[in-house]
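Structure provided below as structure tokens; questions to follow.
Order as written gives the chain letters A, B, C and D; numbering starts at 1 within each chain.
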Amino acid sequence: MEMKAEQAVAWVEKANALMQSHKEYLTELDQAIGDGDHGLNMSRGFQEAELKVSATDYDTAADVFKDVATVLMSKIGGASGPLYGTAFLKMSMTLKGKDPVTEANLAEAVEAALNGMKQRGKAEQGEKTMIDVWHPVADFLRNGQNVQPGKLEETAEEAMNQTKDIMATKGRAAYLQERSKGHIDPGSTSSFYLFQALADVWKKGE
Amino acid sequence: MEMKAEQAVAWVEKANALMQSHKEYLTELDQAIGDGDHGLNMSRGFQEAELKVSATDYDTAADVFKDVATVLMSKIGGASGPLYGTAFLKMSMTLKGKDPVTEANLAEAVEAALNGMKQRGKAEQGEKTMIDVWHPVADFLRNGQNVQPGKLEETAEEAMNQTKDIMATKGRAAYLQERSKGHIDPGSTSSFYLFQALADVWKKGE
Amino acid sequence: MVLMKKVINDPEHTVTEMLQGFEAAHPDYVKSLDGTTVLLRKEAPVDGKVSLVSGGGSGHEPAHAGYVGEGMLDAAVAGEMFTSPTPDQVFEAIKAVDGGAGVFLVIKNYTGDVMNFEMARELAEAEGISVEQVVVNDDVAVEDSSFTNGRRGIAGTVFVHKIAGAKASEGASLREVKRVAEKVVAHTRSMGVALTPCVVPGSGKPSFTLEEDEMEVGIGIHGEPGIERKKITSADEIAEELLQKVLQDSVDYKGAEVAVMINGLGATPASELYIVNRYIQQRLHDYDVTVTHTYVGEYMTSLEMAGFSVTLMKMDGELKQLLDAKVETPAFRD
Amino acid sequence: MVLMKKVINDPEHTVTEMLQGFEAAHPDYVKSLDGTTVLLRKEAPVDGKVSLVSGGGSGHEPAHAGYVGEGMLDAAVAGEMFTSPTPDQVFEAIKAVDGGAGVFLVIKNYTGDVMNFEMARELAEAEGISVEQVVVNDDVAVEDSSFTNGRRGIAGTVFVHKIAGAKASEGASLREVKRVAEKVVAHTRSMGVALTPCVVPGSGKPSFTLEEDEMEVGIGIHGEPGIERKKITSADEIAEELLQKVLQDSVDYKGAEVAVMINGLGATPASELYIVNRYIQQRLHDYDVTVTHTYVGEYMTSLEMAGFSVTLMKMDGELKQLLDAKVETPAFRD
């Protein structure tokens, strides 16, 4: 795939559509092991992000992601705000001057996003956070073997589902200790929607 | 009937038994048009009254009623406390030196109680209060035609039931205005139990 | 939410345990009067000062013990939950606070409260203590009428405590204290709404039931139903309805200076009270009313009932000065 | 009771409307910072004084705006309900209150709060403002561990506001303010229980459900479930359980002087909080603990949740003097 500003905007629009249609579900997941606001947070943040990017002209994907980062950072709050904000900021920085963005570039960008989020949240893989989705996705993109959107989506979905059996050691769910098991992590779910949206745009791009 | 200290005590005991067994019901009635404490108030007050009179030796009914007045006055509170307290105080005063108490004496005593309550509560007959039971009972005892306990109980019960259709203009129920109709008045109901207890003792006395 | 859930022990002891916990929390303000349900101001009796006694059924916390202290009450008499205290308890309070200048009773207009306090007054007067009283009836929900017991006393009572208390602190006479108290009553109107009922400990049942989308307008503070059952609307619409009832009553607030109280009935969060306050202040401004004082919080509650009341007191120079006067109580401070 | 019942308008505007209503209620204490959800102390910025900034998700009223004023906070930053405010909002607050002596952040230990406040701190430091912070983690319900994000900050946070604020008022340096704040954190432990859940406006569902006879022990203040679900017992038994968890933690309160806070989570009536206080005071006496200060009321709430928390702070001469220092805020006064 090649990603220009246009595809980057399409990604945000699709992501927002998914956050809106799963608002209730994300809130339910967060009520089970968190504080019940993840759906509200995501829908609020991505709504604003779409408003912003669909009303602006951009030259490159990097420019799009920079605005997305600022909006998410200033509209979401909570734990997910700084994390998603950091993710898009790092992607924007890595992709500076890369236009159109190639699959290799994207792999680097997601890698950078992952590292930024780990630094910000001090979480590693396996702590039942969105990191558990970003990590395998980054690996998948990096190793570059038959990288197709379908596989990307699968990878993210599988990773999301695997958070169910993990006991949380970071984020609000960690307070539940053993009781956090048996529930899918809300942030991993919103991250899955994000990559599902990417895969969707990607498919269209082929 | 002739009432000595012994019958007076029996009256209080029987009245308490009825208040205890109808505690829930009186509370329900008071929840419908009042503040839901009449059952608690009556059971608390008569419990204490029985404790007092069954642990004391009395020469006359008047002495019994004096103690009952003090206990009810100091243990019930609310609207019913001062009213029942006043009732027993007035009865005690009227019956001073009358031993044993005759039916004629009793008629005077209830008459005095009624007047004391009307003065204290500034209510007249027909305002959906316990006065609506005391009034006909006082009339019944006064006119002295075939005064039997059965008829006494009937009179009180009928009067109690008639409070159902009245719109309250005194007491808490008055705040409900039209909505107070269709509910039996709690205080009239506890007053009915009081006279039912009297009738019961009376029957045994015959 | 399950209404029966309460943090209590034996319901029979709820009031006495609450009073003990209150005294333990505020030893600098109050002291208990042995063998009674009366809490006295720490310094009581204050020599030569008119002393204020108020009280009523429990379940309205912080009323009334929370208003015991310098510049407000000298004693609060607690009855059982929602049940007026008995004459002997009120009488003990009167005797304990009398500093020679007489005792002033602040009574909320409920048949039971009026009868019990008046009997106590008769007992006190029989012992040569001069006693005066005011009966507070600020609730506009109930039509006023000489054929009934008239209107209820609700949150506006707190203004009476504050202003009569301040007057007494100045060393005013019993007659003077009575005059300002009656002025507050004449200038103050309130109206409340409930979104949920409450449960008297021990009764085990809600005082009434509401559907998921219903509210009771014109609610009292004893869990009794209000005067009208309606569908819940927005905060602004509910506030507007209460405000209109208050404004359209007999006190002309338009263009005047007023003190505002947005009083939470128990379960309603402060955030919602502030949302109501926002609207009330805007609307009062529309009516060219100048708000000199605003009180938002729980002042006169009804156990865990969700809802609130709106109170307006029309100000004048004297009331302003007395409302601003020094006050030191657990629940009301300057 | 139906939990969805709220006195609100559009849920999207709940926080801003609440803030407007708060400012309208307390104009002598706070002023709003245009275009933000920040409430500033009326006098901000105070020249040469270390300024305190705190905040977090909304729904904890009176926290945090209620603690803005002399002797406590210089600014409170409000996020959405139960959602930490964003870095830009906190950054605006920092810039607005900086009086040249630096800014001190009081952060409750939640991943979101910590990340957002730290990002704001980075932005401020980039502009040459010196910033220090303390992270409050008084909740003993959660095991402390370096592998997790550790313990939550709950009602004990109010003691940090009071004492760090008093220190700053004395003209202490940023380092000194940080030192006393860390001392409070080291000396303070809390534990809470919920009898009912709460509902985030807009979410329309309770955060969890409980049976009629169940309670959640070890509850946080964001409607998240506690650490253990149990049958409701008596007030004394519940209080005993919370107290034991606090006493058996790492601070040795036995024989010491302590300040006690019985904090209502929202719907629980004051009468019940006082019943709890009665028991806690008795028990502390058994452990030969001397209670120097008692606070009973709603200080750090969780919307309309029913329940309470118990907080103990071990005192020393410095903390006592700072806790007694002058304070003038809407929700905390001396």
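Assorted remarks:
The rule is simple: a contact is a pair of C-beta atoms (placed from the backbone, for glycine too) under 8 Å apart; a residue touches a chain by one contact, two chains touch by 3 or more.
What you see is a predicted model, and the numbers here were worked out from it, not measured in a lab.
Think of each touching pair as a link: the shortest run of links from subunit A to subunit C has 2 of them.
Of all the chains, the one whose CA centre sits at the greatest distance from that of subunit A is B. Centroids built from CA atoms put subunit D at 54 Å from subunit B. Between the Cα centres of subunit A and subunit D there is a gap of 32 Å. Chain centres here are Cα means. That of subunit A falls 75 Å from that of subunit B.
Taken as a contact graph, the chains are arranged in an open line, each linked only to its neighbours along the path.
By the contact rule set out at the top, the touching chain pairs are A-D, B-C, C-D.
The touching residues of subunit D, when paired with subunit C in their complex, are 1-9, 14, 17-22, 24-26, 58-59, 61-62, 66, 195-197, 206, 210-212, 215, 232, 234-236, 238, 262, 266-279, 281, 294-296, 298, 301, 303-304, 306-308, 333. On the side of subunit B, the complex with subunit C involves touching residues 27-28, 31, 33-37, 39-41, 44, 73-83, 120-122, 169-172, 174-177, 179. Residues 57, 79-89, 110-112, 115-116, 119, 141-143, 147-149, 152, 200, 202-203, 205, 207-208, 220, 222-225, 227 of subunit C are the ones touching subunit B in the complex.
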